[in-house]
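First the structure, in the form of structure tokens, and then the observations on it.
To keep things simple, chains are lettered A, B and C as they appear, and every chain counts its residues starting from 1.
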Amino acid sequence: MKTPDPRPTAVNTPLTDTPRRRAILKQLRSHPTVKGSVIALVLLLATVLLAPFLAPQDPYNLAVLDLMDGRLSPGSASMNGFRFWLGTDSQGRDMLSAILYGLRISLTVGLSAVALATVIGSLVGLMAAYAGGLIDTLLMRLVDFILGFPTILVALVLLAMLGRGVDKVVIAIVVVQWAHYARIMRSRALQERRKEYIEAALNLGFPAWRIMLRHLLPNCLGPVMVFATIQIANAIVLEATLSFLGVGVPITEPSLGLLIANGFQYLLSGDYWISMFPGLALLLLILSINVIADRLRSALDPRST
Amino acid sequence: MTTQPLLAVYGLHTVFHSEEGAWPAVSGVDLSIQPGEIVGLVGESGSGKSVTGFSIFGLIDPPGEVIAGEVLFKGQNLRDLSEEQMRQLRGNRIAMIFQDPLMTLNPVLRIEEQMLEAIQTHTRVPRAQALKRCVEALEMVGIPSPEKRLRCYPHEFSGGMRQRVAIAIAMLNQPELIICDEPTTALDVTIQGQILYRMQEICRTHGTALVWITHDLGVIAELADQVAVMYAGKIVESGPVSQVLDAPAHPYTRGLLDSLPGAIQPGQRLQQISGMAPSLSNRPNGCAFQPRCSHALPQCATSEPERTTVDQRTYRCFAPLVALGPAA
Amino acid sequence: MSHSTPPVIELRNVHKRFVKKQDLIQRALQLAGKPPEPRTVHAVNGVSLAIAPGEVLGLVGESGCGKSTLGRVVSGLHRQTEGELLYQGTAVEQLNRMGKLAYTLGVQMVFQDPQASLNPRQRLHQILGEALQVHKLAPMGEIPARIDKALAEVGLAAEYRNRLPHQLSGGQRQRVGIARALMVSPKFLVCDEPVAALDVSIQAQVINLFMDLRAQHGLTYLFISHDLGVVRHISDRVGIMYLGKIVEIAATAEIFARANHPYTQALIAEVPNVTRRKRMFVPIVGEIPSPLNPPSGCTFHPRCPLAMTRCREEVPTLEAIAPGHWSACHLNHTSA
């Protein structure tokens, strides 16, 4: 039973702007888990950006590595007094540096894959919703077709054909993921297209592209953006999975997944740090992204504001 | 009036809490309804009329809160009752009908189940007898082939039919009072006529009292015995319908009547009330209507007019349009 | 009314049908023998109208009568299924590109829902200025001045130019919708229930605005509403629609004084009137039929207190029963 709510909406507040964005941010900030997640994420982002400066060792520079330093436990020092705070892996790589660089790759893959998929998927969904008819049917059958395949399978096949590399991983993820965005954008755009301001735009003789991009798109971004934020975490996990399986990034540029894979064999012999610390880093990254995305979703829900 | 009123409301205050403070939706409403009487509660959006109805019925949920006042139903203060006790009254002695019949009707249950539930919650009646009452209730609101229609789902009815079903459910336990919150606003004119006809019949045959909340003065004129006009959370004028509509005391009532298209020759400019009704956050000092009032006195801006009662009429105004003497 | 100037808008036997598409499952079920459900909504069923320059034609009807669809056909948002639509004497189909643009901009629409009729992401100056920019109707430097003028004309202060729609009240949003329509200097406005969603006191303001603008700009209106009182006040002529057809049309004073069609009479009797007191309601019976399944013959016959056998079988046509007064009812043919 919904009691009438006569509280003033922005209508009645004086001329000073209180944009909805501010209200949403306020709601986000107020939740304690969100605060923690934002702090964690900001720290992670900072370390990732500053990785070249923070990392004591460049894990990709094979010349620096010394096999003699291999599998040293956390806190131990190398031959020349260099302290490995998180231990080393089998190649003598400093885990701390490797994790910092690995986070970089994870975030790069996550963000670029999602950005590309969002752009492609949104445009397709928008076109399908606006054009309707045959174009809509064709595009949506294509979407259905793509969504029928499990993402990992397609990614595996694609990467087998394309080879290893960060850019190829991004392509593989985008090829499957864009279809989700298309669906979401299309359903939102179908609702929005019926609204009278779109009819008004048609009535004023605006060209189709203008109505789609200037009028329809900005008002349909909400659910797509929320989905995208959640998908960043998914893309990161996907990349980690693919690298774990050995088809993602090259061995010389380990991502978190590859690090976890490398350390797997040593897990039972007691050298836990080679897998565990990358795993923890991955967990922390995904957790903070998911918490923020979840709160973003409920904050963007128009009924709550 | 020597008989005890069926419903008497004194000093009702309802607020809605928010970060910026407590917004006063209803600020001191007094109502009195005799058994079998039809009272119209008229106002525009933001006047607090719906909130008044919900407050009486006890449906104000947080962030709303009824913070003061008495709601006496047959002498008993509803605000003192527990939720369990209120539930026994609701749908039984007092009922409510809403603007959207889908607020009453559960879209996934058949009408039969919903009506039986309404009966059996309050009285232990064998199913066959309860079904008979349901059929009678549907007949009373003019639904053809009621036995078949009982098995239908709400979406199989048109808007007007759904509202009739909602009225039938409200009438199942022969309540003494029905609060109607804009039940015909969303309906076509001819369907509205049918509903009003049914409501009139029900009130006549069963002696049910009605609180009819609406913005449509025409409906009140033709249906109600008493009318109360609300503005910015207060009742600014009340009294018998013919007296108030023929000779309104408050400038707002006059303004409303004058701005109706029928009040003036077609083609002429309508008399408009300038400005907008104040929102909850910027209610002016003094009389809330003063910024828009063409009869305002200097004191209207600084002090709030008290309620003046003359005979059966009340008004809140320092400069009433009609001199209401004892003879009025 | 001079006969040399063509009517601004003319409709000749216009039909608009909507057909619900069947998906695969429904088609399969139908092949298997399930009786076909009605899928065609005959929203506008043979309407012929001519609206002269400067006239206000009020169009009244209840849900499902097709008045909104008719409005959208007139403004070009829907293409008619059958029949001709003429703008200033020329059929719209035969207009060249320039002519089509003139028609699109010349017939503007004011919508019912103030909330949905403005782009929530655009500020007022963008909403108002966009058409001028897109169609290059004014040099860039002049546009801000035009916007301020438009705002002033509908009674909004110039500071509102930076506001977003959700910062305006319903009445203010409706004014912006009107200003937006006027920016392209139209000749004809289709007003689709423009005051239905507004409070009574705001309605009066907006109705006055419509009347003022009509006088100032020499506009022609098709004023669609379910509110007889409002239509009576603003219109020169009134047409009553029922289930896709016009059942009666006449000058305003004439139709209210001498309503001929039983539906018109019922409408006028049913409208709550503030001057009447405590009356016994005697409503017309029956539900408004669904446009998917209209009754045979005269579609009003199931609800008509005066229905004859003929009404069930034959569709009545609009005939002149007095100069300028047309009605579609078989009762006009009886000797009584």
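Keep this in mind: contacts are C-beta pairs under 8 Å (C-beta built on N, C-alpha and C of every residue); 3 or more make two chains touch, one makes a residue touch a chain.
As the structure is a computational prediction, the values presented were derived from the model and not from experiment.
A.B. asks: Based on CA centres, what chain would you say lies at the far end from chain B?
C.D. replies: Relative to chain B, the chain with the farthest C-alpha centre is A.
A.B. asks: Tally the contacting C-beta pairs at the A-C interface and at the B-C interface, and name the larger one.
C.D. replies: By the number of C-beta pairs in contact, the winner is B-C.
A.B. asks: Could you tell me the distance, in whole angstrom, between the mean C-alpha positions of chain A and chain B?
C.D. replies: About 53 Å separates the centre of chain A from that of chain B.
A.B. asks: Please tell me the distance, in whole Å, between the geometric centres of chain A and chain C computed from their C-alpha atoms.
C.D. replies: So the centre of chain A lies 49 Å away from the centre of chain C.
A.B. asks: Nearest whole angstrom, what separates the Cα centre of chain B from the Cα centre of chain C?
C.D. replies: Centres of chain B and chain C (C-alpha means) sit 32 Å apart.
A.B. asks: Mind pulling the chain A residues that touch 2 or more other chains?
C.D. replies: Answer for chain A, listing residues that touch two or more other chains: 11-13.
A.B. asks: Two-or-more-chain contact residues of chain C, please, as numbers and ranges.
C.D. replies: Where chain C meets two or more other chains at a single residue, that happens at 169.
A.B. asks: Considering only the defined contacts, which chain A positions touch chain C in the complex?
C.D. replies: Those in contact with chain C are residues 9-13, 15, 17, 19-20, 195-197, 199-207, 210, 215, 218-219.
A.B. asks: Which stretch or stretches of chain C touch chain B in the complex?
C.D. replies: The touching residues are 62-63, 169, 171, 199-205, 207-208, 211-212, 226, 228-230, 232-234, 252-253, 266-267, 270-285, 287-288.
A.B. asks: In the complex formed with chain C, which residues of chain B make contact?
C.D. replies: Those residues of chain B that touch chain C are 44-45, 158-161, 188-194, 196-197, 200, 215-219, 221-223, 225, 241-242, 245, 255-257, 259-264, 266-267, 269-274, 276-277.
A.B. asks: Which residues, counting only chain C, touch chain A once they are in their complex?
C.D. replies: 72, 75-77, 101, 104-105, 108-109, 111-113, 116-121, 130-131, 134-135, 159, 163-164, 166-169, 177, 180, 184
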